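Per-chain numbering from 1; labels A, B, C and D assigned in written order.
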Amino acid sequence: MALLETQGLSISFGGVHAVQGVDLQVEKGEIFTIIGPNGAGKTTFFNLVTGYYKANSGRVIFKGDDITHLAPYHRTKKGIGRSFQVLMLFRDMTVLDNAMVGLHCRLKSNLAGALLRTSATVREEAEGREKVRQLLHFVGLDGKEHEMAKNLSYGQQKRLDIARALATDPEILLLDEPAAGLNTQDLASLTDMIQRIRDRGITVLLIEHKMDLVMSISDRIMVLNFGKKIAEGTPDEVRQNEAVIEAYLGKEE
Amino acid sequence: MLELKNVHTFYGVVEALRGISLTVNEGEIVTLIGANGAGKTTTLKTITSSVRAASGEIHFDGKRIDRLPEDEIVKMGISLVPEGRRVFPRMTVLENLEMGAYVRRFDRAGILADLKKMYALFPRLEERKNQRAETLSGGEQQMLAIARALMSRPRLLMLDEPSMGLAPLVVKGIFDIIKEINEAGTTVLLVEQNARMALKAANRGYVIRTGEIVKEGDAKSLTEDPAIRAAYLGEKVYGKGEAQ
Amino acid sequence: MKNLYRKYRTVALLLLAYAVPVLTRDPYVLHLANMACIFAILTLSLNILTGFTGQFSVGHAAFYGIGAYTSSLLAVKAGAPVWLGFLAAPVVAAVFGILLGLPTLRLRGFYLGVVTLGFGEIMYQVFVNWISLTNGPKGLTGVPAPRIGSIVLDTYGSYYFLSITLLVLTIVVAYRLLYSRVGRALLAIRENETAAEAMGINSTYYKVMAFCVSAALAGMAGALYAHEIMFVSPESFVNAESVSILSMMVVGGIGSIPGSVVGAITLTLVPEYLRSFGDLRLVVYGLAIVLMVIYSPQGIGGWITRVDQYLSGTAIRKPVRGGVERGAA
Amino acid sequence: MFVQQVIQGLAIGSVYGLMALGYALMWQAWAVLDFARGEAAMIGAFSILVFHSFFKIPFVAAFPLAIATSAILGYVIQWLAYRPLIGGIPINRLIATLGMGILLRNLARVIYGADPYPFPTVFGDKPVSIGNVLVVPQNVWITAIGFALVVLLRLFLTRTYTGKAMRAAAQDRETAALMGIRVKQSMALTFVLATCLGAIAGLLVAPVYFVRADMGLSIGLRGFASAVLGGLDSVTGAMIGGLLLGVTENLAAGYISSGYQAAIAFSIMILILIFRPQGIMGRRL
């Protein structure tokens, strides 16, 4: 059984078919990448999987459960984590708190616990902070815990975005163009980080434009164009696919 | 005609441009290619003064323009077709075109003549001139955005990713129009992610990566450059960990 | 020195706050001190909703009024003990808070603001027109003073101890809320609701909760007010009063707890002492607000944070700052 | 009775509509909910009071003078308090408008005092019976002027380059600048226009109600409610929202209770918003 599956997923905006009948199966433990020209529907597809858009038709199945109609926060609880193409950090909160928010759905303390400062709450907070510190270390943000998110460099903000998503303890992590705007050095560490994330047992679903990155780390690739899947396969298969060359990679005449 | 000398631009803490220098000569089609987030759009925005350069100089027709307000730049004859088309959604096609001619709004006769020209170039726009722009298809919106930019009678037309989100056939149509416009005497600076299409249309090209120009040359030599073929044309066989 | 400051700043402030009735016996000043406490509670309650959670409320005086009327009516018409009123006021206000919070399911930003504005206006009209219950514009007289054992808190000085205690309680609630899982969720919603949802936060739930907590505190302030003045009338709960609370929050600093308190005290006291200037003082007041957002958008809270950082020689653990989500515009 | 209530409602409703137009313009161009909008009506009403009642200038001449005064004040206000906040976070703009409202209201109180001033009727307040319906001429005038202004505004926004540039700048500031439109100027002009509309609303109601320093509060609140009701992004919607609120208020006062007039109107508004969050003529976001 595939970890994440979509069946005939479709959505249109004002007559434009942004995503059209996309079938996808992501297996546990792989790095699966979606490529395609700008505007091909990749981010829209992500938003369908994470619940930000409601599909016109089709289903999203995660761990065998139909989650097509679940709210985004509910999907996160079930184990779908995501990063954003345009950074959506909590800019006026500290790095530590950004990551702590990621931990939200794995903690239990409620309003009463917070106001009364029960020992359970205090313990949970301490454990949570420890866990988050480890994650910040994992993405290489040690020593930045008390910085405001907005004061980080762009590359660091991107890493915090990933750390925050990891804090939700996902089984599958959706990364939307994590490499965009990164310099060479950050790019190298990102490539490494994605592989280390997979090594933690987390499945990775990636949208990316940087072809060298995509080709080097993906197990499988799906190519979208005009909201439709035009190809799927290993990097080598995709690279030689006529339709892909025509639509995306470009063809020599 | 247009010259950027060591231009640096910041977005907050991010240094988006790290010393860009490039030239566009009269009558050319020059393309600026690069990946997402490399600084292509910022370069254009810096030229139009939407974003101020932190340092460096920009000259147009020998005049320094990097301290001019945006409307002066348009009046000097530089026009930008923004990324994502950005037509005014709740204005009609005709009104969009009129906005393109805003800086010469008192030249009624000239505008009427230009409208005729645009309708000749893009017959679809005439059919839909009284429709709201948001009801147009993506390709039609791109045509409208180009026509709108031409309405200011620019001598330099800059286009930011005109192929974005459009079907290959439509893209081909757009590129044919760009060549046509160029042959009619307008200089073109074309920013593209679709490197192959762009290099095919252009005379010369620049490759931008993380805010720096990493390569320049005539279109043919760039097309044949193995590193570019690997990075932007997706041809080389990639080994693991070869990410640059 | 710095260690000394860090260790004793809270204690010193508390001592000073409780010493006010010892330092002065002027009933007018003590009445103002009570009012300052009441407005500080109101400002904090609004800050929890707007400053922490990013939800507009332009009708906060309605909760204040609901609290005041609940507790007064219980005492005057039902003859219930005063303390029951103090308990019922926040509960009733909280129920209205939840009701008003529910539209956040569908409404954002200013559209929500309109609903709160309309709510404020509706409640005012209810206070004015439900004469059989509220006595209408003439107001309810004879609201009794609370008593503790045999001590009746019927002087401004003795009542002040109740006011300051409830204010301290509110401050503790605000801090504990803020530095908790719940508080982080609220801040995350303010900063970016889309991203908050991606972190598994049920934003509707937390927004309604913020409305509930905020309304409850405002309701409590209402009860505190009613038993201090011993009289309630609709004029104390007009929309202009909501605007004053909003102004106190802004001058104090949106999202800042000490700022809320100082902002409320400042804007309660300063206009009083400028009474001789007549309406001109309110012109200055308006101008001050405009200048504040243009030149010092972080408000007094921003200054306090800086002074505190300087005195204690630390970076503040978690300055809470910023505004309502961008989408609100 | 019903027809009369409706006619009266249409008159006050078109005043609300004019206020609502101001809110809609400000919303579109400045992305702000302008709490000082009602003060434009106050400025208009006091201007006409000064020119007409104090300086004894005939109404026809005092009318344009009052509008010109309001326009100038509007420009100064936006330059002082609004323009510095264009790039900032929205709540700061909102607060600035709150502060400006307090400032203007109390400035008027300092200058004119808190007492209401009567204003002579200009359009005639003796009811004329048409068939079996009694019609007050000034209500007809107010409605007619309200409608005429909406038509004029629409023409301005759709037929002139300046108007179209204002719409373009409101829809997409960045791209408008690419067209060579001076966006800040265009925004200032929108502000002035909104202020003039508010001022006209104020001087239209001056003969009906008293002129007082805090008149902006209630008229502003209702104008705002109308704008939201109609949909903040539609000129026609704003007017329809105003008329709807005016008529509802009058019917509620006539048939249910005059005391709950506003409460009923606002309840309806809240209900409409909950079921149609984008307003009657508004578009889904």
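One rule holds in what follows: a residue touches a chain if its C-beta (ideal position, glycine included) is under 8 Å from a C-beta of that chain, and two chains touch if they have at least 3 such contacts.
Just so it is clear, the model here is predicted, and its values are computed rather than measured.
If you tally the C-beta contacts, which comes out ahead, B-D or C-D?
Per the contact counts, C-D leads.
Indicate the whole-number Å distance between the mean C-alpha point of chain B and the mean C-alpha point of chain D.
43
Measure off the straight-line distance from the CA centroid of chain C to the CA centroid of chain D, and report it in whole Å.
The separation of the two C-alpha centroids amounts to 32 Å.
In whole angstrom, how far does the Cα centroid of chain A sit from the Cα centroid of chain D?
Inter-chain centre distance comes to 48 Å.
If you average the CA atoms of chain B and of chain C, how far apart do the two points sit, in angstrom?
Distance between chain centres: 53 Å.
I need the residues of chain C touching at least two other chains; which ones are they?
Where chain C meets two or more other chains at a single residue, that happens at 322.
Report the topology of the inter-chain touch graph, choosing from line, ring, star, complete and other.
If you draw each chain as a dot and join those that touch, you get a single closed ring.
So, with touch as defined above, which chain pairs make the list?
Inter-chain contacts occur between A-B, A-C, B-D, C-D.
Name, in rising order, each residue of chain D that touches chain B in their complex.
Per the touch definition, chain D meets chain B at residues 158, 161, 164-165, 167-168, 171-172, 174-182.
Which of the residues in chain D come into contact with chain C in the complex?
Per the stated touch rule, the residues are 27, 31-33, 35, 80-81, 84-85, 88-93, 95-96, 98-107, 109-110, 114, 217, 221, 224-225, 228, 232, 257, 259-260, 262-263, 266-267, 269-270, 273-274, 277.
Applying the document's contact rule, which stretches of chain A touch chain B when the two form their complex?
Going by the criterion above, the answer is residues 14, 16, 37-40, 151, 153-154, 177, 180-184, 187-188, 191, 209-213, 215-217, 226, 235-236, 239, 245-252.
For chain B, which residues are in contact with chain A within the complex?
My answer: residues 13-14, 35-38, 134-135, 137-138, 161, 163-168, 193-197, 210, 230-235, 237-244.
Okay, in this complex, where on chain C does chain A touch?
173, 176-177, 180-185, 187-188, 191-192, 194-203, 209, 213, 315, 317-318, 320-322
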